[in-house]
Amino acid sequence: MKSTLASILEEVRPLVAQGRPADYIPALAEADPSLLGIAITEAGGGVTACGAAGVRFTIQSISKVLTLAYVLERVGEAAVFSRVGKEPTGDPFNSIIRLETSALRKPFNPMINAGAIVVVGLLPGDSPDERFEGLRAFVARVVGRPDVGIDERVYESERATAARNRAIGWVLKEMRLFEPPVEDVLDVYIRQCSIALDAVELSRIGAFLAFDGRSPLDGRELVAPRTARIVKSVMMTCGLYTGSGAFGIDAGIPAKSGVGGGIVAAVRNRMGIGVFNPALDSNGNSVGGVEALVRLSARLDLGVV
Amino acid sequence: MKSTLASILEEVRPLVAQGRPADYIPALAEADPSLLGIAITEAGGGVTACGAAGVRFTIQSISKVLTLAYVLERVGEAAVFSRVGKEPTGDPFNSIIRLETSALRKPFNPMINAGAIVVVGLLPGDSPDERFEGLRAFVARVVGRPDVGIDERVYESERATAARNRAIGWVLKEMRLFEPPVEDVLDVYIRQCSIALDAVELSRIGAFLAFDGRSPLDGRELVAPRTARIVKSVMMTCGLYTGSGAFGIDAGIPAKSGVGGGIVAAVRNRMGIGVFNPALDSNGNSVGGVEALVRLSARLDLGVV
Amino acid sequence: MKSTLASILEEVRPLVAQGRPADYIPALAEADPSLLGIAITEAGGGVTACGAAGVRFTIQSISKVLTLAYVLERVGEAAVFSRVGKEPTGDPFNSIIRLETSALRKPFNPMINAGAIVVVGLLPGDSPDERFEGLRAFVARVVGRPDVGIDERVYESERATAARNRAIGWVLKEMRLFEPPVEDVLDVYIRQCSIALDAVELSRIGAFLAFDGRSPLDGRELVAPRTARIVKSVMMTCGLYTGSGAFGIDAGIPAKSGVGGGIVAAVRNRMGIGVFNPALDSNGNSVGGVEALVRLSARLDLGVV
Amino acid sequence: MKSTLASILEEVRPLVAQGRPADYIPALAEADPSLLGIAITEAGGGVTACGAAGVRFTIQSISKVLTLAYVLERVGEAAVFSRVGKEPTGDPFNSIIRLETSALRKPFNPMINAGAIVVVGLLPGDSPDERFEGLRAFVARVVGRPDVGIDERVYESERATAARNRAIGWVLKEMRLFEPPVEDVLDVYIRQCSIALDAVELSRIGAFLAFDGRSPLDGRELVAPRTARIVKSVMMTCGLYTGSGAFGIDAGIPAKSGVGGGIVAAVRNRMGIGVFNPALDSNGNSVGGVEALVRLSARLDLGVV
């Protein structure tokens, strides 16, 4: 497996020059686009890693799957899906338009910003600190590192440039899709985007989803099988922004990307995968991450469809 | 397996009263909503069937996956996807709006009517008859019945009520997304929707997709593995209209429904499934079909994510 | 007045180089963009003309105000406005999108193509020929030339390139906004766009509207005062495509333009104006026409607001 | 004139039962829907009033025309119209959708909330207090009452329920359409909506617009003629929300309504009109106000088109 990963990284490395780091905040723009790492967690918890798999980065939108899993467990499927849909949409991740025109009167799914903000608004707790701490502790359990935390510099940068998300927050507030104050919800949303992990830790996230909610290490149930199914299903249809359909064809596995350069993938009953490369394509997905996953899927016949 | 299917049909039967046959044309509205059948084709081509699995119905939108597979083989992936996208959309199947507002300037995917009409426009041949015959012969090969044909009554009804599809056709024409005359393309589109099959035959369609393009009976390659992957991937994200995401969560398998009451599903390396029940839910999907597939997936752990 | 018109044309002449003839059909693209003419019809029917005021051109969208006036007289206000709205829209003239998304379920107003096609669909008569002849005879009465007819070359060109309007026609058909066959309605719509008039005749159209529906020559009532008010009001809010608001500010008078290069304007109780110059701006309005009307309005203090 | 107004109010009074006060904030919902008043200011400044013309109410959206006039004078036409368009739109007043989909990348016009908020963002001054005081003093000059102020109760109510306007404010901020902090701009926007005037004062606003920017009383130029023209032109196309087109047909005069129940109208060189009745129709326009203006226009032949 180690040599498979190494040869894939070798193939992919020349391609990352096609991408560029996210440029909407300075802290992300400074990332080194040549960084490239991959890690796999298999049944039993064994990890195989290659390249920059120990470099931490902010998980950004990958946090959406973690919050979704956690909130489903804490408040239940009915409460979540009365406020956010389950259907994919061709809209960009930060679109407002459908909130106005759709008969649904709720965001299409939990992977677009509007839907993810609604899910954050459902986190239990009496303060932003309490709400975030619940989520953070859950992530720490999943990845097996108690001191999981945020990248303060990215957090501060994103707070200062969140006009679009504030607009979305106020539209959702008007639609009464969450209770807490808008600024409190956005604060937790930005914090979760700023959580810093590495590719090995991403692969553990992929693994607990792949093994139907159980820790691959000790078999402990972290979330119910149904919760894992929901999360993976949403990843399959909406995990790579407006590149989700193409990735489904090319790689054929549920995955979720973030503009920090990470992608997490889950292959049921086989493995979790984490990849990291901050060079993004025009859809906002990691160039190296997508290419590595497509090759890995072909090499190991991982495609689920 | 036979008893599994029987017990599932028994569970599902009371639920079909929640749905109603499609009412937009008389020929569909007259269907008996209590008809319920299911069939499975497994490796080797063995079929297990139960209920009304031998009753023929028009496949309607299920034809979209057959034409997509056939056209991909005949004109190639590049020609197809330069004219139609691969991404899911939250729009209704008969929406025009995104053709105007999307930067793509092509239909989102081959499962919405606009995208399917573009694919029909790519069928090789010099006349509507030639174009349809190529497709029909392909379907006949897949299902193993040389005389596959259309339901003339449904065809005539749909021709007379196709105003919305004509509008879509003219928008596509203006965008130069197909060469033949609009009326010719629509004629073939309506013919393919009127193809009459039964649930056993649907299960054979599911099976050749499940086995990566090979006939489950004789192992002959009907389409390339990549073609089968593309088709199943699009089914996974867009196969059940605006109920695709929910079905992905509940059943977790690639499937395609039609308003005639059929649903075809493909479980990679395991089986193809065909279900038939003309009672439709508000999304236009067969009530009995969805319920049977959800139960079958749970019973046999078919979920791919 | 003659010298006023002459000095205005002199000022405007250098500006027409900023525009270009309509290029969507060859017959329009060949027009000489330096042609520039203006005519005024005042109370009593006296005409003052200057420049190329006797050159005929196709009136294109100017026909929309004539059909609206005629159909209002023939079928009544209630029948018209149950099928088309009265409100301006920021959409382009050939937009389809609002037919889908608006709660109105009818075109916004009779000046966009969709609305104009609905109005054409209401023309009385048993055949396209009969329907068009009623309208043509009305126009002939208004402009005082019995043999008013169409430019056959433009008509044929437009028929061959009407994909977008055909799409609109089929959407309207599906919404049951007119009775006759789509092709019949589009045929009359294209014929009315191809009616050929000159600037003097346009000024007579402006005059009968300016004088509340009465012929300025003989005082005969051609349409009811209410009909004239409706038409002028719609011209005021929607007469110059997406340049209507700017023209309202700059010229301050109700007007209607066509991509053939004509603009008709009506100043209540004072005069009708016709201008002609085939050089169009990016909104599709005659550059020379707009500039001449703005100057004339300033010179004679014609602004109504 | 007095008896004309009295007979019109008598005719209109029974109709106000068809409307209801605005219900989105308690302070407006409590208004007495039977209150009905009208006032006219003619050349020379003479006022004729009838009914509840001395009852103060909050001017709400009528403030949009005052701020537009004031800001045009202070920062110039170019600065204003680089940030907001001049074109009418069929969208509801509080729509966000067009900010995303329109190629303009700015609000359609200064009468919808998005456009009005942009104009407020251009008010000169270093603080919300300074910005509002400049506007307030201008309004005081126009209506001839130095102590013009706001209704604190309405102001507080609106501040507490401004989620949709906050969303719009953040979208505009992201588009860099104004400099000051979002909350500061919204605060001034809500204050201007809460300015309390009576129908006599509204008629003076109408009059200074009708007389091309000059005070009807002393002939002093309050704004340039071009500014008055711009404001009236925008009123003509967008003054009554989604009822603008219908009002243009029925009354034929530029006017602006507010959900507080007021409407101001301006008939060039003849008069300014103020009407007040808090019963609103489904478009958000005063039922009594619209009906009175339609009758007054017919009685005095005020229609400008």
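Worth a mention:
Chains here go by letter, A, B, C and D, matching the order in which they are written, and residues are numbered from 1 within each.
The criterion applied here is as follows: a contact is a pair of C-beta atoms (placed from the backbone, for glycine too) under 8 Å apart; a residue touches a chain by one contact, two chains touch by 3 or more.
Keep in mind it's a predicted model, so treat the numbers as computed, not measured.
With steps allowed only between chains in touch, the distance from chain A over to chain D comes to 1.
Common neighbours of chain A and chain B, by the contact definition above: there are none.
Of all residue numbers that take part in the contact between chain B and chain C, over half occur on both sides, making this a same-residue interface. Taking each chain's centre as the average of its CA atoms, chain C and chain D sit 32 Å apart.
Between the CA-based centres of chain B and chain C the separation comes to 47 Å, rounded to the whole angstrom. Mean C-alpha positions place chain A and chain C at a centre distance of 55 Å. Shown for chain C are the residues in touch with two or more other chains, namely 101. Chain D makes touch with chain C in their complex at residues 85-91, 98, 102, 108-109, 229-230, 232-238, 242-246, 248-249, 252, 254, 266, 268, 303-305. Across the complex, chain A meets chain D through its residues 95-97, 100-101, 163-164, 166-171, 173-174, 182.
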